[in-house]
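I am attaching a structure below and will ask some questions about it afterwards.
Chains here go by letter, A, B, C and D, matching the order in which they are written, and residues are numbered from 1 within each.
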Amino acid sequence: MELTGVFPFIKLLSKRVLYAILTIMVAVSVTFVAIRSMPGDVLYTLAVSLAEELRISVEEAKKIVFYIYYGIDVEEPIYLQYLKYVIGLLQGNLGYSTYFKRPVTYVVARALGWTAFTLSVGISLSFAIGILIGMLAGFKRGTKFDAIVSLTSTVLSAIPGYVVALLLYIMLSARLGLLPARGAYSPHVEPGLNLAFMIDVLYHAALPVLTYVVITFSGWTLLIRSNVAKILEEDFLKYAEARGISRRRIVTTYIGRNSILPIVPLLAIRVGSMIGGSTLIETIFAYPGMGYYLSLALSIRDYGLLQGIYFMMIVATIVAVIVVEFLTPLIDPRVRREVVAT
Amino acid sequence: MTSYRSSKSRLKLIYLDFVRPVILSGRGVLGIAIIVSMIFMATLGPELIPLDTGVKPQMKWCQPSLEHPLGCDYLGRDLFSLVVHGSREVFLIPFCATLIGVVVGLSIGLLAGYIGGLARRALTSVTDTWLTIPSFPVIFILAYALPKSPVSIILLLTLFSWPGLARAVAAEVSSLKRRDYIEACVNLGLGRGYILFREIGPHILPFVAINFASVFVANMTSLIGIVLLGVAPLNPTNWGYLLNQMIFTYKGLLLANASVVIVLMILMLVFIKLGVVFFAQSLEEVFNPRLRRYE
Amino acid sequence: MSEKLDKNQKLVIRDLRMEYLVREGTVKAVNGVNLTIPEGRITAIVGESGSGKTSLVETFLKILPKNARIRSGKALLKLSNGTAVDLIEASDSLMRKLRGRVVGYIPQGAQNSLNPVLTIEQHFLETLREHGTHSKEAIEERVRAMLSLVRLDPEVVLKKYPHELSGGMKQRVVIALTMLLQPELVVLDEPTSALDIFSQRVLLNILYKIQSTYKNTMVLITHDIPIVSELTDRVAVLYAGAIVESADTYEVFKEPIHPYTSMLISAIPSVVDVYLKRVPKPVPGEPPSLLNPPPGCRFHPRCPHAFEKCRLKEPPTVEVHSGHFVSCWLYAEGV
Amino acid sequence: MKRVVAVEKVSKTYSRGLFKKRLISAVQSASLEVSSGELISIVGESGSGKTTLGKLMTGLVLPSSGRLIWRDVDVIKNGRIVNREFYSSNRHRYVYVHQDPYSALNPSKNVWDTLNPVISKYKKHLGTSDKYKTVIELLEEVGLVPADYFIDKYPHHLSGGMRQRLALARALAADPHFIVADEIVSMVDPSIRISLVNLLKDIVKARNISVVFISHDLGISIYAAENNFMYVMLNGVVVEYGPAYEIAYSPEHPYTRALISNTSVPLPSREKRVRELDGVAVEDSKPRPNTLCPFASLCPFVDSECSSFELGFYLKAGAKHFSACLKTGKLPKWKPSWLQTLSG
């Protein structure tokens, strides 16, 4: 970064962070309202038993239970409850899981890693595969190979993520029994830095990762393919060739960099939608990531967990978006100018 | 199209402009065929095919045959009849949600694009914020919280159906507004209505049509997805509910013959989605006269 | 490699034909071009848009798009050892060796000729390294010499990315980059278009200076007739994919022979008309489409002198007087 | 001859940038007048403000200050529309034709659909067959013949020159009093450029309307205006105006002189004639006075006297010939640098 570029960069960063906080606030408010209207809460059951025990009214007991679990006083005006809830979040208090009988942070700490692991491996793999196939198809535009790639990619990108997960589950796990579809590692291995554990983890992550790869790589392929086709027409390519630049350098520095850089920002959007999509995929594979706990929380009516997990999903998405957004100008000089210009 | 005396008749022009491009692309024909059969299934289907409600243990997970095109479910009921009866809900709810979303998105987009300046920047910020929120968990949670009625599900899906289009339309309108030929129309006093509907409108139409198709498909996927996870069971014939029962309650994936039935049903879903995507692709060709393959 | 070229010939093109395959059919962009580029001089290839002038150089430089097909012809390039090599037949690896060092090319629209993700310095470095210069001092010295030749300050431009420079500056960077390896033959495609009058003049001076310093062979592709008359030694006029006239610049402007050349020159309004009490005259009709060119002489539908033969047969190229070639039935009646 | 359009001391400033507003002056205090049956030209390099001036005259862009008169009616005074009713009911008679024939036409409308809405709007009484006749007549007028061949063609079927003719036909469909033709030949092949200018001349004669021809090319601007007025613009300022032939032969402003001198001219010469930049002080370290003169930074004659330069103030250089330079009449005798080739 040039020195002149630093100030606008900071300005943009603060603007982005502001947006991020705004987004999180919107999402949190929606869930705050939603949670208030949910039926059949576990807390209600708790309140009923507490009422019997202490011989107080259910309403009274509910107040106590709410105060214990959420730190919310239901008698307070709604905005004050909301404020306290938000302050709690800021202090890192994600709430309490009635099912696990532990703070939500405990569950999140275990789940976040698995989701981050499978998602990052899945998306990096799909990005790499997409680039490879896309570049090949772009070079061989108009050939049979290109036609097959573009049709397959269109078909693949039309299949919903959970359908892919189901099909892979049926084929590779239920029918052929090649891959496990339960948990993140087997109960018999000792978690830690040992080879057996690591192999087992990879073995268990195979299905979710494969699903992420299958549902995302076709999108990258189509994008890279059309970018390469566009760049092949560019004057700078013709001029590089006329200057006697070697084929290898043209493919890497000229075609490669120029076709890949513009799609890097899309990684963020993809990561965002995949975090959301992981709910169904992790549930199908019973893979203990964020998405799995989200649907678990809903089915066992553990609203504290639900709210906490959802909050973390939003934060994770937005962090991913911001990281990519600020990585892009560092690697793409054209975007850098736009950043400096705004 | 305005009528004029020329060597080509109006009908022939409509054929050349709209019908031929679709026919020429095989995907377009396939897409239309799938969409037409979808509509047929949802409208006349339930009237023609009676709902199979009888529990027949001997027919449990029976394989596809002429009599049972999709096989039978865990209770031995004909899956095809269930699917046909479920199709109304599975198509109608996303359709309504998409319709509302597109109307809202289009109006906001047109307005923001036409006014431009601050209005457009405000819209962009709002939609950008909106689009970063992972939509599926929100729909998922809210579907649980809201009353279990089709109306609330429609409104829920609408929440995420408008921002993409609004943004695209606003960007397109504000770029079109600066085109020289629009300036020429302003210059020649052709009026706001003419410019909006005859000059800008036709350029927006492809966006709207293609967006409608893709949002519809996304909504359908979301609806089936949330029902599949056991949230918001509206109707026992909802495809998501059928899949949920077959997969999670009756563990059909562990049985070989059940898997065949499930895979068939899943492939049907894929097929429908593909049909809409192909249709949207051929629309692009129709709307772009430069891509038309005649001289 | 067996053929030998004359002392003053740098490039000899014989019956070159190239087509583009498009959805609507074949575009005959280069249609039997015969042309000699003299060594150590500046030659202009003049033509309107769609006359195939860019296609012609892309053909003999072999940087054609994928849908192009070379149907026939030779492009004999004389090397420094006196032997000639046919560029059309040349292998990819030979072409790569020739490009940059022997043959340089400056494409139209310098705006998009530089890789947007590399700095100007990286462009110079990669070009020299790819051609085997690795010594840091040598590189720096060469780069500075070239930039000063095009009147650019190395401190200002080297660390910049292409998009940070103005159009005129990019144009000059591209010229410096091409001249870096001192190619024996340089082809410039429309170098002056999109420049204002003052920058145009500066650029013409730079080109003139480069040519008189290095004595290399320059080919200038342009539709700008006035510039041709100022800068070049020889002119070849291209119409619908074929050369209709080629001669020394002085002769072309003094006494154009082909009806198209004389009509084109007198169709360009200039401030000098006022001084000469001259009125420009329009050329009737439009340039033909190369997809469906007219039969016979391609110019016959617009030519006031056309007669029966012109509509039927393509005219041969005849040497009207020494070094002045023309393809027109008016001058080839005996043939 | 009746006055059709006049602008008096019009200026247009744009503000750029979101946070730090920068003011850009596109046109500064320009005055200009066109009469019926007259074709005048404006010449200037890109960024000289000639396009903005053209749009100001047709009311497409509202000036920041100044006055616009259509026929004898004040339309804009002090940068505000004073007669809105007249403005909106007459603007279609003051038409601007764009430079780029590719973007000036809607790519999804064929020739008929491009012309018909204008005819339908202003000739409501016509039936379909009369409208068809009108379209055919318009196409014939602009030289798109055979007209019934062109009527169902889309813009991408037409060449650049044909598109420009179609854009002109659309302008003519509104029966205009006044047309601004902005760089209509710059994207057209050299051999057919003057036929487009000739078309404009024919239209002016046949319809007795006025045309402003805008170009960056000095030669074609002179050819278009002939003995009518030509305005030379630089950085938003009209630096010199007068009969085109007179300006070509005896330019008074140093910028015009440099422009003419540095233009390449198609002349036969045995010697190579690449001339150095003439009449422009590029590497001059002379102190530059603080002045509004747009040429001051490059002018070889600049001195302290120039600081009293005023926008919109002109000195007489001939009967109908004016220059914005304060040294008008005091500058040394001038000859274009290529003149020696002419005599030699």
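To be clear about the criterion, a contact is a pair of C-beta atoms (placed from the backbone, for glycine too) under 8 Å apart; a residue touches a chain by one contact, two chains touch by 3 or more.
Please read all numbers here as calculations on a predicted model, not as lab measurements.
Rounded to whole angstrom, the centroid-to-centroid distance between chain C and chain D, based on C-alpha atoms, equals 32 Å. Chain geometry summary: the mean Cα position of chain B and that of chain D are 51 Å apart.
We define each chain's centre as the mean of its Cα atoms; on that basis chain A and chain D are separated by 57 Å. Centre-to-centre spacing of chain A and chain B amounts to 25 Å, using the average Cα coordinate of each chain. Residue numbers of chain D whose C-beta contacts span two or more other chains: none are found.
Taken residue by residue, chain B touches two or more other chains at 295, whereas all remaining positions touch fewer. Not a single residue position of chain A touches two or more of the other chains. Contact topology of the protein chains: cyclic, one closed ring where each chain has exactly two touching partners. Every pair of chains that touch is listed here: A-B, A-C, B-D, C-D. Against chain B, the residues of chain D that register as touching in their complex are 58, 60, 88-89, 91-92, 95-98, 100, 103-108, 112-113, 116-118, 121, 128-129, 132, 148, 151-152, 154, 156-157, 167, 170-171, 173-174. Taken in their complex, chain B has these residues touching chain A: 125, 128-129, 131-138, 140-142, 144-146, 217, 221, 224-225, 228-231, 247, 253-254, 256, 259, 262-263, 266, 269-270, 273-274, 277-278, 281. By the touch criterion stated above, chain B contacts chain D in their complex at residues 1-8, 179-181, 183-191, 194, 198-199, 202-203, 287, 289-290, 295. Those residues of chain A that touch chain C in the shared complex are 141-142, 232-236, 238-247, 249, 253-254, 257-258, 261, 332-334, 337.
Residues 45-46, 159-162, 189-195, 197-198, 216-220, 222-223, 245, 248-249, 258-260, 262-270, 272-277, 280, 298, 336, 338-339, 342 of chain D are the ones that touch chain C when the two sit in their complex.
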